[in-house]
Amino acid sequence: MARAINQALREEMRRSEDVVVLGEDVGKKGGVFLVTEGLLDEFGPERVMDTPLSESGIIGFAMGLAMAGLRPVAEIQFVDFIYQGFEELINHVAKLRYRSGNEFASPLVVRAPYGPGVRVGLYHSQSPETYFIHTPGLIVVTPSSPYNAKGLLKAAVRGEDPVVFLEPKRVYWSPKEEVPDEDYVVELGKGRIAREGRDVTVITYGASVWDALKAADEVAGDISVEVIDLMTLWPLDINLVLSSVKKTGRLVVVHEAPRTLGLGAEISALVAEKAVEYLAAPVIRVTGPDVPTAPISLEDLYVPNTARIKSGVMRAMKY
Amino acid sequence: MIVGMQAAEETDIPPNFVAQYKEPDVMRVLNPDGSVNEELHKWGPSISDKEVVSLLNHMILGRAVDRWAWMLHRQGRVKGTYGSYEGQEAVDIGAIYALRGEDWIAPSYRILGGLIMRGITLEEVFSKFFANSGDLEKGRNLPVEWGSRARGILSIGAPIGPHLIYAVGFAHALRYKKKDGVVMAFTGDGGTSTNGFHSALNFAGVFKTPNVFVIINNQYAISVPVSRQTAVTRLSIKAAAYGLVGVSVDGNDLLAMYKASKYAVERVRSGGAPFLLEAVTYRIGPHTTSDDPQTKYRPKEEVDRWRQLDPIARVKAYLLRSGAAAEGDFKAMEDEAEERIRAAIKAAEANPPPPAEELVRDVYSFTPWNLEEEFREIIGER
Amino acid sequence: MARAINQALREEMRRSEDVVVLGEDVGKKGGVFLVTEGLLDEFGPERVMDTPLSESGIIGFAMGLAMAGLRPVAEIQFVDFIYQGFEELINHVAKLRYRSGNEFASPLVVRAPYGPGVRVGLYHSQSPETYFIHTPGLIVVTPSSPYNAKGLLKAAVRGEDPVVFLEPKRVYWSPKEEVPDEDYVVELGKGRIAREGRDVTVITYGASVWDALKAADEVAGDISVEVIDLMTLWPLDINLVLSSVKKTGRLVVVHEAPRTLGLGAEISALVAEKAVEYLAAPVIRVTGPDVPTAPISLEDLYVPNTARIKSGVMRAMKY
Amino acid sequence: MIVGMQAAEETDIPPNFVAQYKEPDVMRVLNPDGSVNEELHKWGPSISDKEVVSLLNHMILGRAVDRWAWMLHRQGRVKGTYGSYEGQEAVDIGAIYALRGEDWIAPSYRILGGLIMRGITLEEVFSKFFANSGDLEKGRNLPVEWGSRARGILSIGAPIGPHLIYAVGFAHALRYKKKDGVVMAFTGDGGTSTNGFHSALNFAGVFKTPNVFVIINNQYAISVPVSRQTAVTRLSIKAAAYGLVGVSVDGNDLLAMYKASKYAVERVRSGGAPFLLEAVTYRIGPHTTSDDPQTKYRPKEEVDRWRQLDPIARVKAYLLRSGAAAEGDFKAMEDEAEERIRAAIKAAEANPPPPAEELVRDVYSFTPWNLEEEFREIIGER
């Protein structure tokens, strides 16, 4: 996936001079996950800007660039550090269009690796998507695979609204997937059916898509599981969610973020509001626990793994 | 110890190993009695008496609008909180006059006169006060927060600080696009403590962006005196941390404000290091319409002392001395301001409130399904 | 309520020298809402500290005080400005005990006025409780009345965990209520039944409690509404919630925060998980819309008023 | 222009109105060949050869632990990311030796030798590397983030900056409680750009807290050179923005580090303005175990040049010159370090992982119902 994102950036930068990249170590080093590798060589330091160590500065500076008509793609080295730029992101990037009566907007992309699974503790493993989903004005995207990562990022760069683009670092390097060299976008606001099924729907996103697929495989003899990969977390693809739930009547939501007010809560509430009569069982949530992120020592217990997803599916089926 | 230098305190450390810094004096060209410091008057960009008359006109208009804002607020006609402006007119009018058309302003909420000079119409001003559809920003934001693309004014919100950093990004983009503009960003003494101030000045230094920062040091952040805001006295010394040029100016002196600003703007335009201008002034009125009797936190004598340094009186004295204007001219300006304001209030009051749909518009470039749905519920269509 | 909070602070400061107050304008001015009025005179500048204009500084400094054994009560002038201290609050205050293996903790209180209703626009009207509820390690409290404000704040000051104490500015000065002069606490983590009822439960908190009570009054002839005032938003008083829902079988959640991932979503999900068989209707949410807070011009449309609450109750009944 | 002064650039503005500042020289007592600058050697706090021997021992131990960390990491035995330390030993060991027992440290992640000197045991070090129950912090945090109440070390997380501001609050609380302690807070050159740095130094200046800030300027923030971090060269000049005392010191010089730190700590203890010490040094190794070939972002010759300034070699040369130690002593120290480390690794490896319950403990002072419930689901008891 890291390489696919690199390709998306490269293509978008070729496509328009307005696209610039900035962040800590995005230049010579090519980013700590090598996502921006080679961009400095191709596009030069004016378009690939190493910045001082300040997330507040990175996001605020990028907002200024966007207000002036550029299309900045800002990297936050780990999403765990984004709180230092929350004022800029939550109060300004997200609210600019509304507060200014559409006089100004800040169409920028903030990319950041997120999520647990590589054993680096409390400040390199967070899944803070709720903070962004709850913030009107932001579009929140998380790819699950190289193919959709490329297409989603290209759509994000071309859009008119600010996008928080969360990259599941656990799947940066595998699974691998064929990524076409040509230009394509994956539309924002649309999810995909990653696996069709009849008995129960599992809704998830990011790295957990792979765990859900594995779980679906493992129970395939007994239960036909439909796996939905949201890709855009907000605005949610409500039609896809509802049509799947109406078909299966059972729903499990899986995410690595803590349970309380994780996206699972919203999906559960929406489905109850809009399709309660189709539900044969209450919506089940299989999520990270409400702790300050995966501790290094006990990370395996934190991440909702295949076993836990299967057990969630069983609970939905047995209800 | 190098002659004339100071650090925070004397130490026994050999001075060449100690960071040395010296807070500057405050530049004043125009004295309270209307006379000028001849030497400084000759220095730098010049300004004709005719221009000064026109700027005085703006100062008078700004102050009149401020007075009206308070009156209308007392009558319950202004929505939200209004922040007072009296006594600071020379700062923004002097500074903003130094800008060219292609330049931009990242405003603070206390530079109303300068923004009107920059093109915001009086009808817009009062429409914003009334939060109606005559406000460019659709009445959503406080009546002191401005933004207008056509006038080169970057939108701000109420939180203090962050506009400084996007002003730096914006300035950088102008350079990137090979445009000539400079971005002048305003903040208060309180603003110097914010994260936005730090990242803005730091990024400006590193990227050498075309920015002029103006700190309006009016001695207080609401009730907190500048001595509780920072351990230094002259805020321009903060330039030292970022490799900028720092200069302190009498903010009640229109001539000094203009000259220093013009110098800064043109120097920055031609590639010089970003500038940090401190304008030393005083807020004569309460912080905002929600502030209580200010004497809770500052002595009345202090206010009275500063009234003696009134920037408008000073310009009038100057023009009277030079003979470029007479008392009658001032009276005419004041009358005209009054008249324009009354007409604008009338026009603004005629504007309807924004339509209900504006509640859910402009959150994104499109209206997502959840907002459509919520709107229907709110207006009871479901 | 402002006066009751003032009284709580005064009593706790008298009780222990470890309790100190800090923030912008908390000294001579007594706070922009006069909540800290008179404290400077009684306790002096060592214990009532005006600070520089920096939320990052206020929360971080308070955290240091707490780590050293003091009990700081930090005021954020309007909660809308708290994002400038999010790094300190979310990444450090909330996570300190966990990351340090209980070597350190930061029991402090961050007080802040919040919520719409006084027509001051996007940056003086926000209801950001979700950000805090979703953050493990924080206790989130919002009083609804002078009486519980005093008791809750006293409990917060004495507790061992960091508390975000959100004060609904819309009811700072009315409704008024008799507040006993003596020392009492209102236990954290417990809600209260603000009005008993049989047919439908309305769960809410803060200023909306009064709107819900009014709505309950207005429909009293036809429908018996139970109103629950959560007081502590997290950890949620799950037992109270479930027992009421089991009794009435219908639930409406009301809050001023935006709908998407507002607390209503979590309550809806939890009730579905734990009491779906008691539900005669899906959980209904009556909330602020997903916009960047109440605009001055259209604030009345933003706030979930009595009419909307009544209509929510009707929908729950008619289902 | 005052002699010897400089601002960012020369301007035509009369210099007394311009903020004047001068970046200091870097204080060096001990030369690379082991000789000393006699005059500076006499200045300030003195340190005996015996003490220097003992500090060398700590430097050697710190470097050996660093080497082992890399080896163990390569073998896959260290969990998480480890940050290299080689070449910076004089900074933290010199600075921390200047502290008294009642003082506190707000650490950065690159001061391992100093923390071991302060009392963190080797078994604890390796237990943290292995993220097991022998780690005071229960293996939750990265192996480079330390906190220990008993040793006066304030817990830090990975985000850079915020520990500086709580170090200021902590120091203020010590004063409030009439305790004597000083809080020494470390950060990197990159750290100076953060919000935490700004609010910390500003609050420290305003509240005059007993703080000594040590900037470890090792020339890079991962791959970003200090010239991209700030427009100034000597980071101690940032003291000017906050009214602190700023001093720059050769961070590869144990004697200068100790003397300047001791001077700063005692001065601050007795009520002086907070100190900002810049330690000019270099990170010889990669940023962390996850950093790639460093030559991507810095020339090999640069690394080699700095190797010539090695702080350990310098102390050895000094001791050889004075006759206070011989090559054999150094060898013995190295051997002893090796032995202690091997024993510690063995002991640490015997510690079991933390029990599963630790996943949900310490979030609060109690375990709320939702965590009980989630834990039961996770371990499959439901």
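Just so it is clear, A, B, C and D label the chains in written order, and each chain counts residues from 1 on its own.
Heads up, the rule we're going with is that contacts are C-beta pairs under 8 Å (C-beta built on N, C-alpha and C of every residue); 3 or more make two chains touch, one makes a residue touch a chain.
These numbers were taken from a predicted model, which means no experiment stands behind them.
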Touching subunit C and subunit D alike are A, B
If chain centres are mean C-alpha positions, then the most distant from subunit C is chain D
Between the Cα centroids of subunit A and subunit D the separation in whole angstrom comes to 36
Subunit B and subunit D have mean C-alpha positions lying a whole-number Å distance apart equal to 42
Touching at least 2 other chains, the residues of subunit C are 51-52, 54, 56-57, 80, 83-84, 87, 91, 95, 98-99, 122-123, 136-137, 260, 290-292, 295
Contacts with two or more other chains occur in subunit D at residues 135, 138, 140-141, 145, 157, 159, 161, 193, 195, 198-199, 202, 206, 228-230, 363, 368, 370
The answer for subunit A against subunit D in the complex is residues 24-25, 27-30, 32, 34, 50-54, 56-57, 80-81, 83-84, 119-124, 259-260, 289-292, 295-298, 301-302, 307-308, 311
In their shared complex, subunit B is touched by residues of subunit A numbered 20, 46, 49, 51-52, 54, 56-57, 60-70, 72, 84, 87-88, 91-92, 95-105, 136-137, 139, 159-161, 189, 235-236, 238
Per the touch rule above, subunit D residues touching subunit B in the complex are 2-5, 7-9, 11-14, 16-27, 40, 43-44, 193, 195, 197-199, 202, 205-206, 208, 228-232, 234, 236-249, 260, 263, 267, 272-273, 276
Subunit C residues touching subunit A in their complex are 80, 83-84, 86-87, 90-91, 94-95, 98-99, 122-123, 130-131, 133-137, 234, 258, 260-266, 268-269, 272-273, 276, 282-285, 290-293, 295
The residues of subunit D that touch subunit A in their complex are 79-81, 131-132, 135, 138-142, 145, 157-161, 190-191, 193-195, 221-224, 228-230, 290, 292, 296-297, 353-354, 356, 358-360, 363, 368, 370-371, 374-375, 377-380
